[in-house]
Amino acid sequence: MTRILLHTRLDDCLAAWRASGYSVLAPSKSHELTRFNEVQHASDMALDLVLPERTIKDHFFPQTEPLIRYRIKKHEIDTEEMVPPELKRIFFGVRPCDASGLAIDDPLFGWDYKDEYWFRRRGNSVIVTIACTSADDFCMCTSVQLSPDSTKGSDVMLTPLKDGRGWQVLALTDRGNALLETIPSILQESDAEPAPPASVPVKFDIDKVTAWLADPASFESHFWKEISQRCIGCASCTFLCPTCHCFDIQDEGDTYSGIRRKNWDSCSFAMFTMHTSGHNPRNTQSTRWRQRIMHKFNYYRGKFDVNSCSGCGRCTRQCPVDMGITETLQSISNLPR
Amino acid sequence: MGIQEQYRNEAAELLSSGAVKLVIGYGEGSTSDRRRPVFIRSADETARLVLDANCIANLSGYLVPEGLLSDGKSVAVFLKPDGIRSVNILAAEAQVNPDQVVILGFDIDGGQASPLPGRKATDFAPLIESQKSTGLSTELQQEADQLELMSATDRFEYWNQQFSKCIKCYACRQVCPMCYCRRCIVDVNQPQWVNTSSHTLGNFEWNIVRAFHLAGRCVACGGCDRACPVNIPLRLINHRMSKEALDAFDHFAGESADQKPVLATFRQDDPETFIL
Amino acid sequence: MSEPFEPKIVAFVCTYCTYAGADLAGTSRMKYASNVRIVRLPCTGRISPMFILKALQKGADGVLVSGCHPGDCHFAQGNYHARRRWTVFRALLSFTGIPEERIKFSWISAAEGAKFAELINGVTEEIRSLGPFEQYQELQKIIETQSTY
Amino acid sequence: MAKIGVFVCHCGENIASMVETAKLVSTIADHPGVEISTEYKYFCSDPGQETVKKAIREHNLTGVVVAACSPRMHEQTFRKACAEAGLNPYMLEMANIREHCSWVHTDKKEATDKAIEITRSLVEKVKRNNDLQPISVPVTRRAMVIGGGVAGIQAALDIASAGREVVLVEREPSIGGHMAQLSETFPTLDCSQCILTPRMVEAIQHPNITVMTYSEVEEVDGYIGNFSVKVRKKARYVKMETCTGCGDCIQKCPVKKIPSEFECSLGNRTAIYTPFAQAVPNVPVIDRSRCTYFKNGKCGICKKTCQIDSIDFDQQDIIETLEVGAIVVATGFQVQDTSGYGEYGYGRYKDVITGLHFERLASASGPTAGKILRPSDGKEPQTVVFIQCAGSRDVSKGVRYCSRICCMYTSKHAMLYAHKVHEGVSQIFYMDIRAAGKGYDEFTRRAIEEDKAGYIRGRVSKVYEENGKLIVRGADTLLGRQVEVQADMVVLATAMVPQHDAKDFAKKIGISYDEYGFYNEAHLKLRPVESSTAGIYLAGACQSPKDIPDSVAQASAAAAKVLGLFSKEHLEREPVVAMVTESTCAGCWGCATACPYNAIDHRDINDRNGNLIKRVASVNPGLCQGCGTCVSFCRSNSIDLAGFTEKQIFAEVMAL
């Protein structure tokens, strides 16, 4: 016997959570885009998507974030720190890959200096994940040692029932338990069978890939030029990635005042490594693509012992020229030894 | 012989005769209906080329990277009429030498790719001329009309919502053959005309500036619109600019390789009804 | 509201005609509304559309762009080029919902001090009746407040 | 760090009575980067300027804002003061709080707030000003005058007499222009050729003048002080060096029935010809299109006739490139084609002629040796009707402007007619008599009073033929009735219009023109002889319709301008010019296309081995006038304008 949540009780659930001071964000479609928006009703949610187009990363590490407000005075500059508000949030209907993305990024934001913006939001948020029972051609979680029902990064795991009436509910963390305690009467005990997870074929041999990347000779391989030839150097892969985390600090303002902000940046951009002198150590797109792959599957792994990829496949799904991590890693894993 | 076979043969012939050093075309993509740009350097690779109704991307942007044409050798490229117009603009703006571009022209109609006769951009002049006389896309116009019917306030709100989705990934810019600048205006920080941050104001400014820079240069290939990962209807704003260039200045982007930029020229009798 | 709304208007003008026209209005002691701030450029050809966007960001409720009459440009052609840019940029702004009434263009020669004064009064009055350009100013406010994400 | 000095001027009471200067001073003093902020009654006065200079020195100011009057008033004054205090003069900005503020507002608070904002934004601008140095351009002290009419001859003589070299280029075989065609000239009635030909001879004999006739300017490159002009010397087929002008070839030429352009087709010329007897140089040309030899290789009589073998059928056009520092354009006018005026019967009736025809009829050297005879039958007309404004001031069919000379020459024609045909009756249909000029009104009065010129105020609706007479039907608006006049000859005062190729020529040399094709002066009142392009000057009717005195006066004025330019070996120009950031320029040439002055060239950037890396735009500071049209075109912000840089304007706007 496990606890289940029926679709029909979802609205009650939302009401209870709101009553407990949470705001609920779930995949929904607004202005031709699927992303995590605040929802009031179950009917606002788009839970049948394989994946929303935007990740939940956006809500922890926003594309632009104000850090400091400054005012320029005659002889000094007044500053005022801007910290994110304390907001209790539930992310409902997160896919395992997106939830994993948060867990993958946690060590990065905390290894030397604890990024207050990230962890304050992490601490205030409960991740309610729904295991995947369907996948599309681009899904690749199984290739990066994750799975359609991976619990990594989740506080509560929902597994769809075979009969389609609802989900099996499993709290994974204290935060998850606390959340479920707000809805004791809404959950019920049942022995309904869970639906099997989606079948996601393994597309490359990650061990082979990481071994090749770790080989210093690979750095100068002609492979990079070949594989990245059509890359146009946009940042749609990095900005839609649940784990990419590079940023830039910018001051924006007028003569009298302004705001220092943290903005997403991307290794795909030529400007990313441009020096003031005009010299650019990564002056071709192939060196930039190499950096992206190396970072995710070699350097990050070396530092935090985890690949900086959760296999969501957005990089390929959204790529204007049909590139992406899958093709590159597939090609690496097919390289002759 | 189907068009794919025919063009594979032509590509092979161009490469083996040494007429071109490279063929830029389409290959199989990661799904059955996706096509991806491929770069073919020898005749025995031409079997990788695919040509069908899914080949919609405008490949002309791949002609621009620094150094590609500097050896004086020619490159062949698969282009639809929109792409041919792009080549004309790139030639007019001195970014490519049109003599080095061999066009493998085709068009898509009724779900079929069909060959277009001609090899040089000039060969397609009558085709482009007839496109001009046909006018801009009526589908786009109908979509744009929906917006024009709104009040300014509603229209502002509409774009506000659209642009607030923008994440400044610059896929629109990077995929666009016209965005060949060595340094984009958004990357100019002395002074910072365009707010780099991806808040709605910054997004608004970016999208307006890009549309303005494309005025009279956009060939409506739809690349930016398709590339946008957050589905901003960029086609509409670019269409509005094309319409203005055509209506006010009789300027149809990419008419010929010696067409002058619409905003670098003028006529003394240009319309000016709005000026007080 | 305690105080009546006074619009903020930024004008970009060429030095040879409209700036001189404004000088003439001054030397003729004509009186006009004080809402306009003038930015002097050598020629309307120098006026980039970015100026207009920045003025709006700075909270302008209206923008005025003015230069020599066609054929009178000190630089022979600058205003013809400017006119094309305005035509296109105006269409663009309008399409994105920035009301045409808020972005004004005019030709004012060095001799048209009276026209300058009338124009400033007319434009000020019109923008005053439109009210503040809250929609655009809201964009600036969003920047200054917390990220919504 | 910026150290800006702000100097708030009271301008007596002009500013101080409306702007609270003390508040302005104290508010600005609080602005970042302002080192000193102070006020004074008159900063433009000597003690005022002294205050500014002292402050610059004592505070080591890096920039100065004078909040006072319009920069158009005192910018130069304060720039000079800055320079004298050791500050680059371009580190100054004027905040216009008088013309744009105190004089035009009535509310002290509003005016003060505005003054603060104006001043503040200019403080931000001046922080970003750069030291600029005047641009020094070497001057080639040789002038070219294009057009050998009276204006061109006068300009050439004036420049040459002041000791500078001049090249006078004329496209016809002889200099002289329209004035050579005229009979007598108003208001003195001296013979046109008698006063002109000595000048023509003086010009060709002047040691400083090189006359190039039968030559056309093909291309003008370069800029003020440094023009490079390509001139096509058309093949004359007669050797200039040896021909003595004996005229034997002309006598013998068998092709005699060619309507003479000079005679307005009232007389004929030969295939080898000089346009008129007093032509300078007196060397004929062969009209290739009419010459039998060139048509079929037969004839060659002229060659056989010439005793000194000066005929050379093998001559080719020669392109000569000349370096000059200044150009005077004196390309003149033409008379409007009147064929559109069917109601006047021009072209249909032989005896309906233009004023210029009449000049030839009245000229002692003309086809009738000065007798007024009808073209149709050679008889002396007893009644002549003159129709004024036949094209001028006519919005529907002609030109909107007044041709300025027709009132005067029509009076003159009536007079000449009266002098030659004593019993003749002249009737003049006119709209207004415009006789503003020294001795002009007296002249027309004389025509009316002494020479019985009959003036009828009104327009002519139709000229038709009836029983061998021309009937002129018109209105007499003073009497308010229809009139019909029987005439033996009708003379149309046709409009003066630009040369047929005036616009093309303007494009070739890079000057601007108006809707008609008359060349634009830099400023109608204050710079009337300068074209819109520095170093190119205008003289005569190419700018607008003019009579001889005005043409000559303008020619001398243009010559004075040229001589002024030539007074120094180097010329100093305002450093407000465009500059290119080569590292980011993509070489799309939009700036070059947009530039009104063709001031932007291509520049190749090569690597050490001389291989081309890229081509970028490059501004020629000698040509650039500093309008900034290129700057707002450039999509990548790779071109900027000194004095009005993107940084400066941005800062100015962001401080508002």
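In order of appearance the chains are A, B, C and D, and numbering begins at 1 in each one.
Keep this in mind: a residue touches a chain if its C-beta (ideal position, glycine included) is under 8 Å from a C-beta of that chain, and two chains touch if they have at least 3 such contacts.
The structure displayed is predicted, hence computed values, not measured ones.
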Chains in simultaneous contact with chain A and chain D: B, C
Could you find the chain whose CA centre sits the greatest distance from that of chain A? D
Hey, which pair has more contacts between C-betas, B-C or B-D? B-C
Centre distance in Å when chain A and chain B are each reduced to the mean of their C-alpha atoms: 32
Chain B and chain D, separation of their C-alpha mean positions in angstrom: 45
Cα centroid separation between chain C and chain D, in whole Å? 34
By the touch rule stated above, which residues of chain B touch at least two different other chains? 192-193, 195, 197, 199, 202, 263-265, 268
Do you know which chain C residues sit against two or more other chains? 49, 54, 58, 71, 77, 81, 85, 143
Where in chain A do residues touch two or more of the other chains? 63-64, 252, 254
Considering only which chains touch which, label the overall pattern as line, ring, star, complete or other. complete
Listed in rising order, the residues of chain C that touch chain B in the complex are 49-50, 53-54, 57, 70-71, 77, 80-81, 83-100, 104-107, 119, 135-136, 139-140, 142-143
So in the complex, which bits of chain A are touching chain C? 58-59, 62-66, 69, 82, 84-85, 252, 254, 259
Which stretch or stretches of chain D touch chain C in the complex? 70-73, 96, 98-101, 103-107, 110-111, 113-114, 117-118, 121, 512, 514-515, 520, 522, 532, 576, 594, 596-597, 625-629, 631-633, 641, 643-644, 646, 649-650, 652-654, 656
Under the touch definition given earlier, write down the residues of chain D that touch chain A in their complex. 30-32, 34, 120, 124, 583, 651, 654-655
In the complex, chain D residues that touch chain B: 515, 583-591, 593-594, 612, 614-615, 633, 635-638, 646-647, 650-651
